[in-house]
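Every chain is named by a letter (A, B, C and D) in the order it is written, and numbering of its residues begins at 1.
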Amino acid sequence: MTTALSRTQIARRAAQDIPDGAYVNLGIGLPTLVANFVPKDREVIYHSENGILGMGPAPAPGTEDPDLINASKQYVTLLPGASIFHHTDAFVMMRGGHLDLALLGAFEVSRAGDLANWATLDDKTPPGVGGAMDLAAGAKAVWVLMDHTTKDGRPRIVEHCTYPLTARGVVKRIYTSLAVIDVTPDGLFVREMAPGLSFDDLQARTGAPLRLANDWRPIAID
Amino acid sequence: MTTALSRTQIARRAAQDIPDGAYVNLGIGLPTLVANFVPKDREVIYHSENGILGMGPAPAPGTEDPDLINASKQYVTLLPGASIFHHTDAFVMMRGGHLDLALLGAFEVSRAGDLANWATLDDKTPPGVGGAMDLAAGAKAVWVLMDHTTKDGRPRIVEHCTYPLTARGVVKRIYTSLAVIDVTPDGLFVREMAPGLSFDDLQARTGAPLRLANDWRPIAID
Amino acid sequence: MLDKRVKTLADAVAGIKDGAVVLIAGFGSSGIPVELIHALIDQGARDLTVVSNNAGSGRTDLAALLATGRVRKLICSYPKTSGSVVFEELYAAGKIELELVPQGTLSERMRAAGAGLGGFYTPTGVGTDLAKGKEVRKINGREYVFETPLKGDVALIKAERADRWGNLVYRGAARNFAPTMAMAADLTIVQAREIVELGALDPETIVTPGIFVDRVVHVPNPAAAGQP
Amino acid sequence: MLDKRVKTLADAVAGIKDGAVVLIAGFGSSGIPVELIHALIDQGARDLTVVSNNAGSGRTDLAALLATGRVRKLICSYPKTSGSVVFEELYAAGKIELELVPQGTLSERMRAAGAGLGGFYTPTGVGTDLAKGKEVRKINGREYVFETPLKGDVALIKAERADRWGNLVYRGAARNFAPTMAMAADLTIVQAREIVELGALDPETIVTPGIFVDRVVHVPNPAAAGQP
């Protein structure tokens, strides 16, 4: 019997891989949960596109500062060592390859690491891109966190993205509810699978060919 | 009998035309003298390419700060209201049309306002351009201060520059030892002449055709 | 004497013309020049192009400006912040044009205008719908999209402190787009919570040197943006 | 723990490779990282390309580095500051290559590298000898020269204060090229007159955020540049 990971568990799993001292941008949604689970002995520096480096946890109720918010417009705090800068410099950091990691949500990721995470195919609501394309194009590594399939069971890991692209060939690793997958020039390598899941089951729920790494292991869930 | 203006007098004359509240960059050499002669009731904000806006007069002996220097590497002071910024922003101001005036020295100026002020034709010494081209290309107005002729009597105002160009068509006004001349699409208009000088004399010392403005007057020298 | 202070909000926005490109600072509700936007509404200029990261939320400030129908076009990276109801209504009704620009490209395009550059090549957006129709060039083996400067006729800025030369400092991340917009507009108008004596700001910590600022108006108790 | 402090000048410059492009901050004698330059001389890397606004004066620091003969090429805007005797001798003898770049273009090219851009169009230099052989493009009726990013393998920076995350503030106009060079190099090495506790620098007045810095070494009494 397979236990798919919850959103919290996906975030928890990804958090274990963030290196000490890394500069990290957490995308809107699921990725923002990651900050809660990074091991306490690691010092991770969080970046926000509106000009903050060194964000700390959410403020205690009543101490919120309207001028300290993150990209999701949530209140944040500053850690000792934090810095404030203007938007253009914030994007110098993003576009210029200065961030070690961007953890992003996605609608789809392709076999080649193409990322689709900014626009749905819905024409009625206005589109919004924000900093998604800059971040995807510029971070040293992009990791995607997402459910392995859509709510109605269609794969999100696909041969070619059907949603509008955010950037081509940028995703290096995918953390899903079912697996941890590396995107490599030689294809998609499954590093970890949810406990109880077989490779064939995983492949059946994936829209692009997978390869099982020799040293694969079950995802460790607390 | 014609009295040519001294370098100090050229600087003094140009200084009278700097408007109150102007942002001004003074080039190396003769233009730096201008700051001494701006009427005291005008507030002029001096810019230096190494990241200073609001330079004041030279410091009193013994109070020099090695980290407060101008483009000529001379010690300066900061006025109340001064600001410090990095080099790239200093050139945003210069290139981006934010300076009202650049007062520059020159080897030659052409009828069309081409400026030659960065390189001699001497091959033995290394060339140096500094910020000359950025300033010439970007200031809202470029005024040139120079002797009317070379030491051996050749004109510096010419049909076409023989020295390497700094920028094309940028000079708006020329203050020389003999005249104040506006560079216009209709040609070079003489606004003022040194006392005692005839238009024919001036034209004879100039390498491009001049026109005498209807309201021309003698240069007022203290 | 160089004195950029003006007495009233009406003086601050005087002369803004119909058809103007107006850069409006702020990100979410932080750094929005609420009072200047309402002064612009009162001033009455129409057929405006507004450049702002978001499309306003609630019914005040940027949303109120949009609601007047005087904004022909919005150039923006993310017009769908929660509460962007006014924009969504106008957009659904086809009553406003939207130019969607990646956020970093938006900021960099304004910087290019302020810096006097003719354009730049960015890796952002290559191969996406937002690069359609744009020149793509391969430089050192990587593809880049050509982007052009985005200049404002006017910029509306909120600052924390200003002096009479127009030197500015901001409050926290309210800084966001303001320093870039200040340099990118022909007429930069600032509302400052506090106006201090010349010399009171440390030269080394001034964020926007006064050369980028044209008018400063004192707004001691600025309202929060995005109110219902 | 993120700790960019290193114990010695030798540790600070360890690993700089032969053939490296080295960005050296400073303007005239202000902001020159004298001790780091001498550490680089001791370290011994050769066949270097040095990017610096001037060519050094006197016989110390940059002039001393040039005198070792290990600098193949200098990219520079103004190599003829008074006292640039070492460079002038090398140049006259044909022993060093010079790429002369307008100062604003030099700075902007490094910024483009740091900002991840592929290049930009500048009005500076159009129609001059320094634009020869370069693409010229007319944009909105004005001519611009295409310029490419200038990236450093290493940047050597002098700061006034630093913390262990590498956040920096400078002293007066010694700031000059440092913030831009810090973002333009793969390995940014800083000598700081003072190293302070994390949190001691005001977040709003940090000039170079630590993300652009890799190593910080404490040099409490930096020597003046350009000594005989």
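Assorted remarks:
Keep in mind that, in the parts below, a residue touches a chain if its C-beta (ideal position, glycine included) is under 8 Å from a C-beta of that chain, and two chains touch if they have at least 3 such contacts.
Nothing here was measured: the structure is a model prediction, and the numbers come from that model.
Least step count on the touch graph, chain C to chain D: 1. The pair with more inter-chain C-beta contacts, choosing from B-C and B-D, is B-D.
Chain D has its Cα centroid 35 Å from the Cα centroid of chain A.
With centres taken as mean Cα positions, chain C sits 30 Å from chain A.
For chain B, residues that reach two or more other chains under the stated contact definition are 84-85, 91, 95, 137-138. Looking at chain D, one finds that residues 108, 111, 115-117, 122-123, 172, 175, 204, 207 touch two or more other chains.
Taken pairwise by the contact criterion, the protein chains fit none of the simple patterns, being neither a path, a ring, a star nor fully connected.
Applying the touch definition to all chain combinations yields A-C, A-D, B-C, B-D, C-D. Contact residues of chain C toward chain B in the complex are 1-2, 111, 113-117, 163-165, 167, 183, 197-199, 201, 203-204, 206, 209-212. The residues of chain D lying in touch with chain B in their complex are 27-31, 53, 55, 77-82, 87-88, 91-92, 98, 100-105, 107-108, 110-111, 122-130, 171-180, 207, 224.
On chain B, the positions that touch chain D within their shared complex are 48-52, 65-69, 73, 84-88, 91, 94-95, 119, 124-134, 137-138, 164-168.
Chain contact summary for the complex, chain D toward chain C: residues 108, 112, 115-123, 137, 139-140, 142, 144, 148, 169-170, 172, 175, 202, 204-205, 207.
Against chain C, the residues of chain B that register as touching in their complex are 20-21, 23, 43, 45, 47, 53-54, 78-85, 89, 91-93, 95-99, 137-138.
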